[in-house]
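Each of the next two complexes has chain A plus one more chain, namely chain B in the first and chain C in the second.
Up next, the complex of A and B:
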């Protein structure tokens, strides 16, 4: 009888009837999250910040020493590191631009009715659901000059995509575009479906052309969500490791994440690698902030 | 009453007997190594030890690219997951100076291992610092760079005739790098999907460095003075540059896209009928004599690394020694295992299973040298090996070499001399940073 009476109440009253206040329920959700955040995010972040000012090496038993800004100074004056940043910047620009163009283009094609649209959309989403390391190995085979189909299809003969210092980075970027364009496509589709149909109807009545409709209606209304896709993909591209690491060992394709991995886990230069991680973090935050500022401006329009 | 007392005593006796038996079975040892055939052979070997002593020994493996990272992550955490590790020779510096390995000097001297094991294996797998008489590992798997080749291509009368006409000497197993280069050039026929040679080019660990140093050593060069850390004029000597330049020349005759290759690809160059000659560590040769894995097994031959222009002949050392991890809770048990491992009969069995024993007696025996088509070449090679830096900061030094030579060999950027000048400068800076010039 009591349980029947309880089920008739709204959730808050039901919890209250059981002796749980709103505060208790909120705490039940928030406290584990806070603990998780502090233990796995904030504590390591602060701890590694501390290490970045030391000469700590995780493979040595000797005590570490405080070295102040020395790690940061050495990193910022190291030509190799700057070269890694330049390579990463090139990669981010090519890869993200490619993903935005291909992803948005696919979304425009899919934003209309045609047979088997659901199946085709699902198939297009498959690449981003795969493991990046597997994708890297798979594309390594596709690029193979001996038996890979890419050279055969495009008649490129023995062109060695991944061994060539000039093409290795772009080969990796093309793989990243293949893998992550569906993500942009998905977000763009959500944005396109939210554009009010009456605007297109009004434009049609006014006999507006496709380009005019696209630049004056579609693009402005979808641009906030496109910018969100741009932020996500830029951050991710900046941190790319697995695809590039599995595909090539060309120094011209050594992204900053690979350099960071080598410094931390091959050379065990822990203090310096922490400093490098912070430099990367600051750069990503700076770029993201620029995007967010622009996004806010777009929303205000 | 008597029955009750008898039953209780019998029960206690049975419990103690069972307890003892359980305790004997509870003794376990874990050996950590990379994932490859020799690790399987070792597991097979140690099963005998389990049968003899009741101590279960597990050879735990991980893929080569993760081997170093995983081992050192465990060492750094002072973890006791592994009682022994079959670590790379370059790890000796870090393993010994950072307290990860147990000092085996007394064990070494007590068992007179200097007389038992091949000199090169003691020098490079066990002793650190060089010449100190301090030992940190027992040589376990000997290995070095060697070559496989297509006997049928080399012995084809038409090919022999054409080769003689072009180069003025007989086509045969190369004894010098110059001949190796000529033969690679001769068989390099991309239009027929035939290529001259397969060499190591991967620069994510030590593959390319091993291939390059084999050429550098044979050309009379060196990577530096390992005792004084002097690199200027040694690392970038004219001889070293000539060796590196030869390696670059060989790269021209590799199959297309040969820019990220290690042992798997170099074996595939033979099993796939791609190349006339292929470089690899001897430990990777077993699949090449197996008809199930190599359709050309019957026509695959092997030879030791050729000499340089002055007749000097060296090969990069591979292989590993076995060390006791200082954080192990079963160090005494591990020492007992090592005593069993160094016995002559164990070493003989190790070689029979396919492991590359470092025991001089077994290596010299006819039984060993005739056991496979490549054991003779292996024996010759083990007396002309040289290794990379084993200094604690070797990973940094290795990365610098990779960064400098890879663009030259694979990318065709700059010259051999420039690549080695840059390497010498980088290494000097690194050794200065670690106070090696005291």
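Up next, the complex of A and C:
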């Protein structure tokens, strides 16, 4: 009875008569947050939607003109922008695939009991907690062709990871894999530890091989959580700005977020960059939608 | 029976543990390189082959905190003798500490570090405060379109920072919030609020409703029950959420790069801007990076049991 009363308080009850009503408290608790988010996230987006139809330039005082869909038309037919999207796609595929393989591999190795497991897991998680911009900057030294430890350890001589147009993007992706594989590892570990032990015992009794057990028991049961990691990392990799921006200036590593930053704050092509921001935004929202859908699915289980 | 293991299983187990140890060393190597470079003499930072073991020294930190005139000849012996120990270290390296009158001129690093601290702490308090109330509201009351509202809240977190920054930059310029602490704090609260709501809702959902019911029966008002029963129960969750929000605000780069340039600039855009042209002084950069990463490393250990929840917005718990 009481639990029903709590969520749907009977207005005549004694508890409701004291102090503020539940309706007042609910509104008081929720509305400020919603208003804050609308004012500082949604309103700016409406504002920039307006500018995306103009030729406004924030560094000039000349009045702007309404240009209709011209910004969008120009952007979608601009080879440069398309190459930025292709670079971003390459980056997303390489770095997310790398993170999934390394992260899930680590989780499989860690999924057993051994001394100091907790400490080692926490140490492995350190890279993803750190500032991508600052750590990315330091990777410049690690990749350095003249005195970088990476070239020394792997005997690569003076291979210039970050200033070679062919390798810059992949060098950034490697750093991203280093940073974010632990994320996939953390989620995979949660998935692996949720697999009921009796299934493995049953498989052992049936003398099932390692590969059979892995593909028929482990993978199907862990795949929902792996999918969540995959979508989440795809979304984040698509938005990547800081790590690539501080690591290299190579045009071949110019991700779409960097392109957007340059167009808005270096070329001051404000109207057009608002339009580009909208194109990026729609893509991100599509992936977000997918993410939340799967998150809810996993939560229900 | 299940405990019986074949010898091949034992061997496999050992190989797996050895592989984990090797992987851990590889993952920690870049962090070790930052930490060790921060204590290296200048010439060892760029030595070939790279130096792993060396006599640590603190000159990178002295260089980090003082304004310097680089590559000056050693000053005259009397001045040298009168200088404090840490200045001598710098003179020994062939550099000069910049002084105006008797006062040593500090570099900009302490200011930028303080800016990071101010912005991260204040934005965390606000985001977690608002998030806790809102999470309680979503956890306990019936709300029309609850799932949609929660999705709306989460989606604000997913907006790419550069996309939001363009209109915010223009609006801030109109009201004079560019390069101000308040401007950056508002952006970080907006960014962390959705995260705080989602994470706190998970923690709130775990607090049994019976606790408040008992309090209401005992004559508490709903507000009293919230402050005296629910908040203390949620303390761990609030602390974990706060640390996550702090780390996010502390590490944030894009907004800080776009919105600040001097007065309110935080450490993340400042540290890369110090690299300049020519041969960078990696020991000083490493020292600045090391001090900047240290709080996050400590917090990661404090948070270790809540990391999973944190990175999935409270959706997946252990």
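Heads up, the rule we're going with is that the second predicted complex is superposed on the first by the 266 of 301 C-alpha atoms of A that agree within 3 Å, B and C clash if a C-alpha of one lies under 4 Å from a C-alpha of the other, contacts with A are read in each partner's own complex, and residues count from 1 in each chain.
Assume a residue touches a chain if its C-beta (ideal position, glycine included) is under 8 Å from a C-beta of that chain, and two chains touch if they have at least 3 such contacts.
Only a predicted model underlies this, so the values are computations on that prediction, with no experimental measurement involved.
By the touch criterion defined above, A:192 lies against neither chain B nor chain C after alignment on the C-alpha atoms of chain A.
Touched residues of chain A, counted separately for chain B and chain C, are more numerous for C. Of the two partner chains placed around the shared chain by superposition, chain B is the only one that A:248 touches, whereas chain C remains out of contact.
Of the two partner chains, both chain B and chain C are touched by A:58.
In the superposition on chain A, A:146 makes contact with both chain B and chain C.
Residue contacts after overlaying the shared chain place A:37 against chain C, while chain B stays out of touching range. With both structures placed on the common chain, the touch criterion links A:230 to neither chain B nor chain C. In the overlay built on the shared chain, the residue A:67 is in contact with neither chain B nor chain C. In the superposed model, A:265 lies in contact with both chain B and chain C. Under the contact criterion defined above, the residues of chain A that touch both chain B in one complex and chain C in the other are 58, 140, 144, 146, 265.
The touching residues of chain A, counted against chain C in their complex, run 2-3, 5-8, 15, 18-20, 22, 25-26, 28-30, 32-34, 36-37, 40-42, 44-45, 47-48, 51, 58, 106, 108-110, 112, 114, 118, 120-135, 137-142, 144, 146-149, 152, 178, 182-183, 186-187, 190, 193, 201, 204, 225, 228, 232, 235, 239, 241-242, 246, 257, 260-261, 264-265, 270, 273-274, 277, 280-281, 284-285, 288, 291-292, 295-296, 298-299. Those residues of chain C whose C-beta lies close enough to touch chain A in the complex are 2, 13, 16-17, 19-21, 23-24, 27-31, 33-34, 37, 45-50, 130-131, 133-134, 136-138, 140-143, 147, 149, 151-156, 158-171, 173, 186-187, 189-190, 193-194, 197, 209-210, 212-213, 216-217, 219-224, 226, 247, 250-251, 253-254, 258, 267-269, 271-272, 275, 282, 285-286, 289, 292-293, 296-297, 299-301, 304, 307-308, 311-313, 315-316, 318.
Of all residues in chain A, only 58-61, 80, 140, 143-146, 158-165, 245, 248-252, 262, 265-269 touch chain B in the complex they form.
Across the interface of their complex, chain A is touched by residues 68-69, 72-73, 75-76, 94, 98-99, 190, 193, 201-204, 255-260, 274, 392-393, 395-396, 399, 402-403, 406-407, 410-411, 413 of chain B.
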